[in-house]
Structure formats: C-alpha cells, structure tokens
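This is the structure I have questions about; it appears just below.
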C-alpha cells in the first residue's frame, strides 16, 4: 500500500479547509496550509518517485471508489502513476510548491489572501488529477478543473472588468478546445467501449492500422483539445490576456503546468498518434506556426508579462513541434526545463512589477539591475536557460529537439529544422530586448520605496529561496532530466552527448548569435534604434506583430461581435417563438372584442336578437 | 256551443292581451292581463284540462298578478308614470317590432299549417288524478328540479329584498 | 267524460302563436320593466297553452304537466324579477330598462 | 408504514398549515418545514432499507372506480424514489428560501406548497393513467395560485400563461389517455387504466403515433422544450422564490419523468422511429435556450432560459435510446434540480435585498456579500458543467449515449456546453464581479438560514458529481427493463 492517493488529497484538503473557513484564518495559518499542503505533496512525490524508480514495476496504481458504471462505461477514481505521470507530478508539486512559497510573500498585501490560496490549492489538485487519472474522464475532470481555476485566478482581482473579461475569454476559448477533447472521448468510447487510457492504448496498438481514418480523426480531436489548453494556434489568443492574473498564477498555471497539459495529453495518447502520420504532421505544424508567430510577437511587446506569455506560447510550440517530429522524450524534457526557467522568469518579473508600483511597461523601467539584484540574477539565469546558452537546462532540451528534428526522416525535416532554428534566434533576440529594457539603460521612472519589512521584499527569505532553488533547477535541471526522461518512451531518451557535426555547432551558436545581435539592437548605442521605429514599414509590421498577428481582431469580427450583436441588441430578447403564442392570444382577444360589441346591455336589443335568431332557425328548418 | 265558447274566449284573450301590453297605466294593464288569463283558463277547461285551468286561475291570476300589483303599489306608479309612459311609447318604436312579429307570425303560421292529418281536439277530460299519477312517477325528477328552482328563487328573492332593507336602514 | 268540442289543433296553436307574438311585441316596445315582465308572462302562458292543447289532442296528461313546470318557472322568475325591479327602482330611481345598461361588454 | 402515506401527510399538513395561520403567522412556515424534513428523512430511511423482492419500495392498489377500470395504483421503484426524495428535499429548500418573502396569507402559501408537493409525489408514484392525470392536475392548480397571488409585478400574465399552457397540453394528454384506453378496450375487451396492462396494448402504428404525440406534447410542454417553452421564462421570473424553486426543481422533472416512464414504454416502437425528432428538439432547445439566456438582462430570466437548455439534454438523452443516454437524462433531472433551485434561491435573495432582478443594477456584489458570491460561483460552475459536480455527469452520459445514435446531433449538443460557459460566466460577471455598483452601498450577506440550505445543496451536487453510482444503481432496474434495440 503506497500513499499515491495522498498526493492529490493534500492540496484538496488544503482547498477544503480554506474554502470552509471563508477567509477567517490569520494569514500565517493560510500560508502554511496553502503552501504547506503542496509542499507535503512535493515531499511525498519525491518519496514515491524514489520508490518508483527503485522498484521494477512499470506503474503504481491506487484505486478508490467507482465513479460510475453504465452499460459499457466503467470509470473509477483510480490513480495511475508511470514515468510520464511522475515527471508531470514532480513538476506540478515541486515547482508548484516553490511558487506557492513565493506567493505567500507576493500576495501578502492583497485582498483575498485566503481565497487566492484556496484557488491555488484547488488548481494543484485538479492538475494532479489530470496527470494521474487512469481514465480519460478523470483526465477530463482535471482538465476542466484547471480551466476553472485558471478562470478564477485570472479574474482574481474581480473588481476590474477587463480582468473579468480576460478570465472569461480564457475559459471560453479553452472550452472550445475542451469540446474537441470531449468529442474525442465520445469517439474513443464508441470505438474502444472503454475510457480507460491503458485499454485505449492497447486497442490502438492491436486493432488499428496505420493511417486509419478514424484514428486520425481521434488524434486531430485530441489535438484540438490540446491546442486550446496549451494556447497554440489557432486558439492561442487567451494566453496573453490571461496575464491579468497575479504573477504567481502566471508562473504556475500559464507557464509551468496547465498550459503544458496539451503536451501531456498528446504524449499520453502516444500510441494513437504514432499510427497517424497526418496527425503527427499537424502537431508539428501547429507547434511551428505558434512558435514563429509568438516569437515575432514577443519581439515588439512593451508589457513584460506579455513578453513572457508569448515566450511561453512559443516554447510550448517547441514542445508540440518535438512531439510532432517524434522527439517524445525531448518534448517532455523541454516541458520540464521550461517549467523551471519560465517559473523563475515570471517570479522575477513579479518582483520587478511589485517594486515598480504594478507597472508592467518595460519602457518605463530600465537600469534596475543595481536596485533589484535578486530579481535581476533570477531573471538572468532564467533568460540564459530560455535562450539555451550551453550547459543550462534549456540548452539540453532545445538541443535535443533540434537534433531530433534534423534526424527526422520526414519530407519536411529540413524546413522544420530551419524554422525552428530561426525561432531559436528570435528567442534570444526578444530575451535580450527584455533584459535590456528592464534592467539596463537609464531608469525611466520612480521605483517603489522598498521597505525591508514588507513580505514581498525581494531580499526576504521567502522570495530568495524559491528563486535560488528554481535557478539551480534551471541550470542543473538538464542533468536531472536524463535520469527521468530516459525511461519515458521507446525513443531512448535524451543523451548528454556533445556533437561536433556542423548541425550541432550551428544549434550551439545560434543563441550566441541572437544575444550578440540583440545587444547591438537594443542595448548598445552603436545603432540608432530610431531608424527602426521611425520607419513606416516597420511601424506597420510592429503593429501587426504586436496585436498577435490579428487573431484577436479576426475572432472578434467573425464570431464574438456577430454573436453579441444577435444576443445583446434587443433583437430577440423576447423570443421570436413567443410571437406565435402572442398571435393566438391576439386573435382570441380580437374575437372577444368583436363579440363583446354585441353585448350592449340593452335588454330589448337582446330580446330582439333572440327573436331574430328564432326566425333564422325557423327559416332554416322550413327551407332546408 | 262549446266550440263557440272557445272562439269567444280566444277573441277576448287576444283583445285583452293587446290592451294589456299597450296600456300606460300599470294597474290597468294588469287587470287586462287577468282577463286574458281567465280566458285562457276557460280554454283550458274546454280542452279537457280542468286541473290546468284551476292552476291558471289560482296561481297566475291569483298569485302572480297580485304580486305584480303589490310591486306596482309599492313603487307608487301613479299618474306621473302614466305621463312618462306615453312619452316612452313613441310610434317610431313600434315599427321594427311589428315587422318582426309579422314575419314571425307568417313563418310560424306556415309551420303550423304544415302539420298533416291535422286532428281535432275532442275535449277528452284528463282529470287531476291522472295528472298527479304521471307527475309523481315519470316526471318525478322534473318535480324535484322544479323544487330546487323554486328554492333558488326563494333564496334569491329573499337576498335581493334583504339587502334593500339593510341599505335603507343605513341611510 | 268529455266536453265534446271539436276544435282543430291548428286553431289553438294559432291562438297560442298570436298571444306569444303579442307578448314578444310587448317586450320589444316597452321600456318600463314592469310591462316587460307582464309581456313575458303572456308569452309563457302562450307556451303553456300550446302544451296543454297538444296534450289534449292525445288525451294525455303530459301537456298539463309541462304547463305546471312552466308555472313553477314563471313563479320563480317573477319572484326574482320583481326583486330586481325593486332594486332597480331604488338604485336608478326609474323603471326605464334602457338606463340599466351596465352589463355591456 | 408505506411511503405512500407521504401523500396524505402532505395534504393534511397543508390544511393544518393553512388553519394554523390564525394562531400565529409564523406557524405555517414551521409546520411546512417540519413536514418536509420529516418526509425527507422518511425517504432516506426507505432508501437505505432497500427494496422488497419485487424491487419496489412501496406499493398500494385499491379499487377506485371499478366500472371504468380505474384504480388507486401506486408503486415506488428506484427511479420514483429518487425523484420523490428530490421533491421532499427541494420542499425544504423552497420553504426555507421563502421564509421571509411572503408578506400576506402565510397559511395559504404553505398550503399551496404542500399540495403541489403532494401532487408531484402522486405523479411520481401513480401507475394508473387516470390517477396519474389526476395528480398531474392536482399539482397544477396550487402552482397557479403560488404565481398568481404571491408573484411579482407581472404575475397575472405569467400565471395565466402557465395555466393555459399546462392545461391545454394536459387536455391533450387526457385525450390521448382516454383514446389509448379505448383502443385497448376494443382490442383486448377489458376497460382499464392500469399502466401495466396498457403497456401491452395492441395498437396499429398510425394510432400509436398519434397517441404518442399526445403524450409527448403534454410532456415537452412541461419539460419544456422549444417550441412550447415560452411560458417558462415568464412563470419563473414572476413566481415567488419558492415557486421558482419548485417549478424549476421539480415540476419540470415531471415532464421528463413522463417521457421516460410513459412515452417510451407505452409506445416503444413508435418512439424509436421518432428519436431523430426528439433528439433534434433537444439540440434546438440546448442551443436556442443558451443563446436566449445570454441575451437576458434579468437574473432570474437568464436562469430560466438556462433551464430550457438543460432540459434539452434530457430530451437528447432519452431519445438516444440506450442505457447511457437514459441514465444521463435521469442524473440530469436530479442535478439540475439542485443547481437551478439554488440559482433561483439566489435570485430570490438578490431580489429581496435589491428589489430588482436587473443585472444592470448589480455588479461587484462579491465585495458586499462574499458568501453569496462564492455560492453563486459554485452553482454557476455546476450548471456550466464542471466535472466533479452533478450536472456534468448527466450531460456527459447524455452526450456519450447520444453519440452512439447520432454523431452530428451530438456535436451540436456539445457546442451547447461552450454556450453554457458563455452565459454562465457572463451572469457571474454582471452580477457579482466587476466594479462595485455605487447604488448598492451595502447588502446583507447570507446568514445561517440561507447558508445551511445552500451548503446542503452543494453537498448534494458534489455527491451526485463524484458518486453518481449511488443514483445510477437506483434507476438501474427501471432502465434495464427498457427494451433498447441495439
């Protein structure tokens, strides 16, 4: 008997306690429940993970009660832990705990402290259900649960209508994806007569032929779900707006865990995808397109969190791309390293934002490296990993992806590889730009008066420790990854070998090239940046890129506005169907009025008509 | 002899009926009505329905018309009302009802004449005893219903009258 | 026992018809409610006469029984109607039926 | 003691409550509340004591009008027991939610509530079609009074509309019942209204189709489904809180129950042929109801239209003709009862506090009343179809069942889930989130009375959401009996 069930149960308990006490607990208690439950779960994960790695079994299973049995449908609350889940659970609880810890300081001045941790714990629980469920319905429970928490946390500052809008947008857009996912579930059930993941995979391996249409449809539907949750083209528009949430939320949900659920889903359903080259190609293309679009967009953003959001999108694009070209292990590896360094980047940016009076515009920062050394170092390390400087974790994972893409024997491998490399170059470019605008150059505006006693102060222990741990993971996480990911899939994992062929050197050199070019463009005074800005052409391009390539606008014009128009103008508020019944009513009252005109109240008139009627009746009788 | 009696009674009934509906003085009209009713009673007798004739006299002429007279006296419809009546009975008002009555007469009469093998009434007397037998056997339900009707009328009349009294007491 | 007359049925019917129409005519031309009621009585009598005549034709008691029902009806009607007349006279201070036209639709 | 004593209990309690008003004006509330609590506990006890050997929890047969083959024939199987439990439980909710709402005639108010409930319990347990119709009418009249006497500003119109729709459709059902009995009598020679004999009635397909339509129209009017749904928004909006709770929570379910219990079983073959139409109506209801819900500015009206959408799922489920769909429809009935009852109670509470249901006069209420905000959030999320809460189970089973029947219709029905998110969240945004409305400087938050009921409803929804098996087991006997052509 192992304690597998306790991993999700701990955050759930935290959620329940915080929910039922309605925010009446003092802040320290809330912090210890909120962060502590996730911390305990992380410790437990470590323990179980160690047990798992050292045992021979391929999976740990923990059954509890039956959810429902109807006809063929038989689903239970049954947890399943294998290598893939373990990586995910490790990331969720580990990184999750660090972010929770950081948030105890970050959120200390905000209203609704308890509510925040309540939602956060619920999120961790839902995310754990997503990755640990042994059937697709349980996965869907987690899937929707994280969507809900994402909604609640984006709209956490519920007094601001724009944030509410962003939250709803996130929920509805991902729900479009979820619809694909649930239809995929229906179809799978139709085919397999079971929603159990392992049953499904077995079925795929044994009963489906390569390239079968039904399998491709299932895969594409699954991809639709993944695209929604992971903010890939074409359902990516919600992620930048989701930055309305508090920064720890962005770090946990919109960078490290929830948005990678799509990657997890595809990896989990690997056997289906392996049988469908078309679907694999789609995954790769979706990843690449997102990668490019997001990178270009990140290049012209002025909001530091939006830069990171687009960066997240592009990095997940990398993961999709990896899955699409068959680099399963590399994709998952990148998921893990990305969770480390992106969480670090977000947390660091959060500290900067707090220090700047909630100012997120990078053009109003500048020269902060002296004043905010801790966030600066954190940001620096995170950026290094993001641009994949050698020996950081990001380097290993990205390198593995690019290498695999090059070796992939598809018709498009060269093209794919080229695009991916260009995107890597762009990544360094926007990262350098972000660093340059934020930390270097001249200060553009006043900073918050930093009080030593405020809990969120960047040098407080609850800020520094998560930074330090995440920084260590961002650098050393690469080495950790080999151990984990080696056992994930049949593709022999990722190897820590250095290649010295031209391709490898190129991938090695691209980040440096990007950094150097970026330095000249954004940091040094050698180049007059105004040339870039004044140019009319570049203005147009930057406007286009800045708006996220016009997706928002297109959706607004095509879907949102027409729907609003027919719904909110008074066109049909009173329900056209009712007109029919109103017509009946109208006719009835019309006849009523006509008939009541005969009722004059003159008795003699009545008598007269009665006699007249009598006459009519008689005449009828006589002549007919 | 009896036949002539019938036609005489019929003539009296028609004449007095016309007079009754055209009088301006209510009391006079009621007296004419009594005469009509008596003539009809005579006809009933001739037709061999002595019980109906008796009821006609006792209840109609005796009770109902007297009730009318009471009301007329109670409302004090004296000379002034006669003047008002003559004002109301303008000749123009007669035309349409007269035409309608005429047409009805023609149609009805046509109908009556349609009856083939028209039989004569021989004046076979149906005594009260026989009427009673049938009334309380075959028409028992009708008697019950008539009883209910009379009760309802009693309650209704009582109610109408009582409210009148109460309200008058208030003023 | 018989009174030994020999009257055609139609003649009695014609008498009933004439009386009925006189009554109807009275209802139509009078504005005074007392006279209208009086005319109504006349109409009912005419109906009763027709019933009795039809009964006499077959020497059956049904005609007389119908007449008795009409009698009951008339009694009931008169009782309520005269109650109404009294109310009308008190409330409108007139017997003009055209003044009491509140029942219009 | 047989559970069927519940009906006389409710009827007598109604009369007692009415009379007790003369003693004290709060007494009727207490009598009603205690009656419903006792009834709920009773149902619980029966539930756990299990069925008899025939799978029944109670039954009672007695001649009523033998000349026409009409009996008092009551049976309570698992499905009926579940719905009766829902009824009594929502009775508690209804009484508590309108504790302070009625200003006049408390006794008569509680009388009506208790009598509606008695009628509903009768509907859920009658197995003689005449008796069924009898209770069908019994529950209608008090409901009419509830709307017409204690309703809001437009109550006359709404109550009359409600009355006419249900009455006319009920008439149609009566005609169908009598015709069915007549045809059965002429073919089998025995005049009977007994359900169990009519199930085997030998009808030719045209007759069966017409009779089926008679029942069907009556039930979808009650359900309601597009295009006969228009009474519902008016009736719900104008009814007092208790009325809305009962109407949405239970009365709509009698329509669904009728379809499942009578239409499907009395006319199995014709219903099979009809299934595409049934499902299509359901899908149209889902999408049209959702779309209109989004258009509303009135809190209660929005919830009312969302009910139409949810009821669409029931139609889709029932007419997908398999175990999954039918079970899904049944779970939806239960879960929708809980979630919508709570939302209507919330609407009532808001109206009590703000004297308006217009969402333009709300906004940012979370700041004023965080408990109300959290509770509303919970139930909005439930009705949006969040896994782990009851509504999801129902909708999921319905959809997965429907998928086996018609892929295209299922896909359209699934879009309804997205629409649900749109209107559900916009309800939340417009009333509780956003900038606090300056016209509402303060608002009383939920106190113990309201909170206790809400917590009960939440527990119920979570229970349905994570352990639906306990309910599925109850209805399984009935659902397994249905003959599905696979």
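Quick notes on this structure:
Labels for the chains are A, B, C and D, by order of writing; each one numbers its residues from 1.
In the analysis below, contacts are C-beta pairs under 8 Å (C-beta built on N, C-alpha and C of every residue); 3 or more make two chains touch, one makes a residue touch a chain.
Keep in mind the model is a prediction, meaning the values are calculated, not measured.
Chains that count as touching both chain B and chain D, per the definition above, are A.
Nearest to the global CA centroid, when each chain is reduced to the mean of its CA atoms, is chain D. Between B-C and A-C, more contacting C-beta pairs join the chains of B-C.
Averaging Cα atoms per chain gives one point for each, and the point farthest from that of chain D is the centre of B. If each chain is reduced to the centroid of its CA atoms, chain B and chain C end up 5 Å from each other.
The distance from the centre of chain C to the centre of chain D, each centre being the mean of the chain's C-alpha atoms, comes to 59 Å.
Rounded to whole angstrom, the centroid-to-centroid distance between chain A and chain C, based on C-alpha atoms, equals 93 Å. Centroids of chain A and chain D (each the mean of its C-alpha atoms) stand 37 Å apart. Looking at chain B, one finds that residues 96-97, 100, 104, 108 touch two or more other chains.
Multi-chain contact residues of chain C, defined as those touching 2 or more other chains: 24, 28, 31.
Touching of two or more other chains is recorded for no residue of chain D. Chains touching one another, given as pairs, are A-B, A-C, A-D, B-C. In the complex of the two chains, the chain D residues touching chain A come out as 161, 226-227, 229-230, 233, 288, 291-292, 294-297, 322-324, 327-328, 364, 366-367, 370-371, 374, 377, 381, 386-388, 392-393, 396-397, 399-400, 403-404, 410-411, 414-415, 417-418, 421-422, 425-426, 429, 432-436, 466-469, 472. Across the interface of their complex, chain A is touched by residues 24, 27-28, 31, 36, 97-98, 100-105 of chain C. Of all residues in chain A, only 595-604, 607-608, 611 touch chain C in the complex they form.
Residues of chain A that touch chain B in their complex: 608, 611-612, 614-615, 618-619, 621-622. Chain B makes touch with chain A in their complex at residues 96-97, 100, 103-104, 107-108, 110-111.
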